[in-house]
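Presented sequentially are two complexes of chain A, the first with chain B as partner and the second with chain C.
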Partner chain A sequence: MATARAKSVRTGYLFVLPALLLLLAVLGFPALFSLTLSFRPESGGGFSLEHYRLLLEDTLFHQAFWNTGLLVGLSVAAHLGVGLAVALALNLPLRGQPALRLVALLPWVVPDVVTGIIWKWLYNPLNGALNDILLRLGLLAAPLDWLGGRYLPLISVILANVWRGFPFVMIILLAGLQAIPRERYEAASIDGANALQRFRYITLPGLRKMLIVSLALDTVWEVRRFGLIQAMTQGGPGSLTEVLSTLVYKQYFAFFRFEYASAMAVVMAGVLLLVSLPYIRMISREE
Partner chain B sequence: MGSWPFRVLVYGFLLMLAIYVLFPFAWMLSTAAKTESEALAIPPTWIPKEPTLDSVIGIWVRKNFALYFFNSTVISLATAILSVFFGSLAGYGFSRFQLPGKRVLIGFFLATQMLPGVLLVGPYFKVLTATGLYDTRTGLVIAFLTICLPFATWTMKGFIDGVPLEMDEAALVDGCDRLGVFFRIILPVLGPGMVASVLFAFLLAWGDLLWALCLTTSEEMMTVTLGIARTVGEFRIIWPMLMAGSLLGGLPAILLYLFLQRFLVTGLTAGALKE
Partner chain C sequence: MQRRHSLWPMVLTMICVTVLIAAMSAGAQERVTLRFSDWHLTEDVWNKSLTEGMAIFEKRYPNIKVQVEPVSYREKETKYTVESAAGRAPDVMHLHAFSLPSFYEKGYAMDLTSFIEKEGKGFLDAWYPLPLELVKHRGRVHAMPGDYMTMVLVCNTDLLKQAGTDVERFPTTWGGFLDFAKKATTPGQQWGLGMVGAKDPGFSLRFSPFLWTFGGDYLTADLKRSALDTPEAREAFAYFVELSTKHKVVPPGATSANPQDVRTQLAHKKIACEIGSGWTAPIVNKLNPDLKAFDVLRAYPLPVKKKRATAIWLSSWIISPNTKHPQEAWELVKFISSKEMELKWFQDNRVTSARKDVSGVAPEILNDKFAKVIAAELPYGKVEPQIKEWPEIMDAFTGAVQEALTEAKPPDKALADAHARINTILARRR
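On to the complex of A and B.
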């Protein structure tokens, strides 16, 4: 029996092994490569913390860091808010609900480059649709330069990103809502719970896991967001919409500072891993 | 369902949602069908006065879009199939075996999803250049495995968890070995899950810009998203052309999604839903 068990364990590892080796080769190795690169002086050879020291003083890096924080924080919060509201509405027995569900996921399906370009055109101050609508509705007195000025560019990027990203959170939460047994709601109604109480004591606890999963995945994806910003503003005007991913890309392929870019990317990866650690622990504990 | 004011409120909300979601697409379509001078009208017209396909045809011919489509399709499909094949094997291993160190392994697979692409593009650029794989479709497929393989493993594990253990046991009793069980018993019932995972990986690869931008340089290797992104960077933007390009770049993803929608939604939630 003991040998049979050992054999079964070996078989199990053999199933996992190809994917594991492949991941170590295509992902583990380059990640370590980047890590060692970040400790190498630009003159070559040796070990130095110089790049990390420079990061502390680099105001461009600081700006990209905070821009990323704002972009991710506000986008994810809005995705959750809009996504939950839409999921709750689509979970009601409504006419035309399947069609709406189909339509609602569309922004998430198209490449984010396409989103960036469409919204760049929507935002166009003279010929864009957004100013036209707002002017006609009387909500604006004069055309607004959505991608100009001090604060507006980042906000505009975030607004486009909300459109693109809420459907993913919505679809995960909708699946979670549908998995909550209907009897629980009926029992609560009989016990005299009102709508708010049912939401608080049945819906929210029932969605707990889905909320954590969608929050974690969405955060990771938004930190990595690149195509939308690259297509829409390329980090500009100036560096007002520069985020970590666009800045690291520039350090690599516009300034060719590979070692410095690696240090930036390592900090970014470190923050991401730290943020997602509770999620990773939660999921791997369940297994 | 509730009182009538509540119903009006919900329907009103959903109507606004539909407009919010669809308007940017409508604006893209409308602009793609305009002449350049009409696209630059102030105030903008909402419906093209003289609808024309000139921009769609123009960008297809001028930008070599047929080639871009070929590249994107081959790359995304190869990535998706490889990811789902290796992901299914690993998913089966995780689902069916009590492996010592399984938690660490699963943690590793999850953590790989957290690494940003920009951490890897630099080393990839160097290694692919050194091995002659820079500016090749193969190079991009290898790079996309870093995003797609962990996801495919996770979703396939979710689907395999849903297949009753008795199916494996019956086949094992009948004298099938494990690999036989996997290929002859498990894979055939995983059809929908495989479609979902392939579709998801395909969309991830299709939508990428970062890797194509960093790991290719020639016109022959240009992907659809890179081709569109290059067009925005041009000195003078011709908006109807750019919207036609966006339409062409988004359409395959939209069509695939519309046909396979059922699968995609189950795929997205397979890893997360089971209690």
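On to the complex of A and C.
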């Protein structure tokens, strides 16, 4: 019996092996390569912690770290808010529901570089649609330079990012909403619970796992957000919209500082690992 | 018995077919394929011209097939770096002058000296000395010069006339230019100058003339320290920034405007002038044929404060050290940079050449209303420092300009911060 079980386990591992080897080749090797590169002095050879020491002093890195936190925090919060609202609306028995769901998904389908280009056009202070609409509605007295100024650029980038990213959360939450048994709502209604109470005591607890999953996955995605910012601002003006991903890219491909860029990437990966811990723990517990 | 005899013709036929296939495949193997990558392939006007050029090359070299690989202007360094690191870069690549030092340092550009020596003594005499200096690394030639142009003011003469400016007597000083720009500006509708303020490779080409004509510079002569703390640099920086923040003679949104955005503004009469070069008129013409860019636009030397100067645009051709066909790749580079083709590039695209025997003597250039101004400025042309830290320095500097343009920092503070950061970057070099 024990032999049969061991054989079965071995067969299981054999089935997993190709995927494991592939992961090692496409993820493990580059990660290890970056890690070793981050400890190599720019002059070549040897082992050094110099790049990590420099990171502690690099004000641009600190600014990018702070901006990443703001971008991720605000974007993920807005994704959750907008995603939940749209998911609730699309869960109602509306006419043309499939079409509405498709429309709501569209921003997610568009590659983020394209989203960046579209929003850059929309924000154009000379002939952008956003200023035009707001001026016609009388909400603005003069055109705004959405990607200029001291505070607007990061807000403008986040706004575009919210539009692009909310469908991902929406689709996860919609799936969660559909899994909540109807009977619970009916029972609550019979007991006299109002809409807010039903949302507070049935919907939210029913969505708990989905909320954690979407929060964790969305956070990981947003820390890595690159194309949208690169297409819109390249981290400018100044370093107002510089985030870790654009800075790593710049250090590697524009400044050719492969070792320093690797140290940044390693820190970024560490942060991502920390962020995804709750998700990993939840999945492990379920197993 | 009969079946045994009938086998021989079949065997013979098979042998013949095999020999024929082997001969054909041997013939096919003789034809090599070269991968040729250039950002110009993404531009309509240039694409047509290069496609025609490659057809001429393939006709002359029937054993070589050229496979073109377009790349975006902004992403070319990224693509070439990744591919070079992986040993899979295109055989022939087109680069900016400022990218060359980094490519030399990383060993991504083949040493061409032996090919040049085989061409015979005096082969390089056809080129201007400055571009030849820029393609050398530790005394060895690692690239061949391509486009060689100076930056000039390109203005819409209709808008100049509307502003009451005599098109034959355009301002020659920055003070005079500011007066003109104010007259050419109608708030909210039209502006005197288009300003590139985005983090874009085209920014330094358009800002540097301000710095240099005011008598300032980015770095000290030994390239070891920032020179942005001089009064001349401060004055140039403040002048540039105040065109937007104080005088408002440039359209809003300068910090996100790249060269193509500004050319679009010129094409649609939103601005009277922009800093451009030979490529400006064809692109503007393509953007808005109704403007009749070749008739309406005119090139002027850049105004001066203390000394006459302008930025030089130089592109160059490199061969990947990983190429399997170095001789064929050299033939292609030699062909692209030949006198005949450099003239074609000018005729089709209005870009002047790094070859003296083209830009200095060709009647097509000397009689062209744009090219003659651009070529006349070559003696005053200057290039950015050719050090591998330059992209990082320029990023820090562009960031400072943007901070001043958005009024996040006063110009003096933004410049002082850039000065300190550049010194930190240069300290690594020391």
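To be clear about the criterion, the second predicted complex is superposed on the first by the 287 of 287 C-alpha atoms of A that agree within 3 Å, B and C clash if a C-alpha of one lies under 4 Å from a C-alpha of the other, contacts with A are read in each partner's own complex, and residues count from 1 in each chain.
As a convention for this text, a residue touches a chain if its C-beta (ideal position, glycine included) is under 8 Å from a C-beta of that chain, and two chains touch if they have at least 3 such contacts.
Every value quoted in this text rests on a predicted model; they were computed, and no experiment measured them.
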Fit-or-clash call for chain B and chain C when the two complexes are aligned on chain A: clash
Partner chain in contact with A:239 - chain B first, chain C second, else both or neither: second
Touching partner for A:276 - first (chain B), second (chain C), both, neither: first
Chain B versus chain C as contact partner of A:126, first or second or both or neither: both
First, second, both or neither for A:110, with chain B first and chain C second: first
Which of chain B and chain C A:209 touches, first, second, both or neither: first
Partner chain(s) touched by A:49 [first = chain B, second = chain C, both, neither]: neither
Partner chain(s) touched by A:253 [first = chain B, second = chain C, both, neither]: both
Partner chain in contact with A:187 - chain B first, chain C second, else both or neither: neither
Contact breadth on chain A, by residue count: chain C or chain B: B
Chain A positions touched by chain B in one structure and by chain C in the second: 120, 124, 126, 234, 249, 252-253
In the complex, chain A residues that touch chain C: 42, 120, 123-126, 142-143, 145, 147-150, 232-240, 249-250, 252-257
Chain B-facing residues of chain A, complex: 8-9, 11-16, 18-20, 22-23, 26-31, 33-34, 37, 85-86, 89-90, 92-94, 100, 102-107, 109-115, 117-122, 124, 126-129, 132, 135, 163, 167-168, 171-172, 175-176, 179, 209-210, 213, 217, 220, 223-224, 226-227, 230-231, 234, 244-245, 248-249, 252-253, 258, 261-262, 265-266, 268-269, 272-273, 276, 279-281, 283-285, 287
Chain B to chain A touching residues, read off their complex: 1, 10-11, 13-14, 17-18, 20-25, 27-28, 31, 39-44, 46, 86-87, 89-90, 92-94, 96-100, 102-127, 142-143, 145-146, 149-150, 153, 178, 182, 203, 206-210, 213-214, 224-225, 228-229, 232-233, 239, 242-243, 245-246, 249-250, 253-254, 257-258, 261, 264-265, 268-269, 271-273, 275
Chain A partner contacts - residues on chain C that touch it in the complex: 77-78, 81-82, 102, 105-106, 188, 197-200, 251-256, 265, 270, 388-389, 391-392, 395, 398-400, 402-403, 405-409, 414, 428
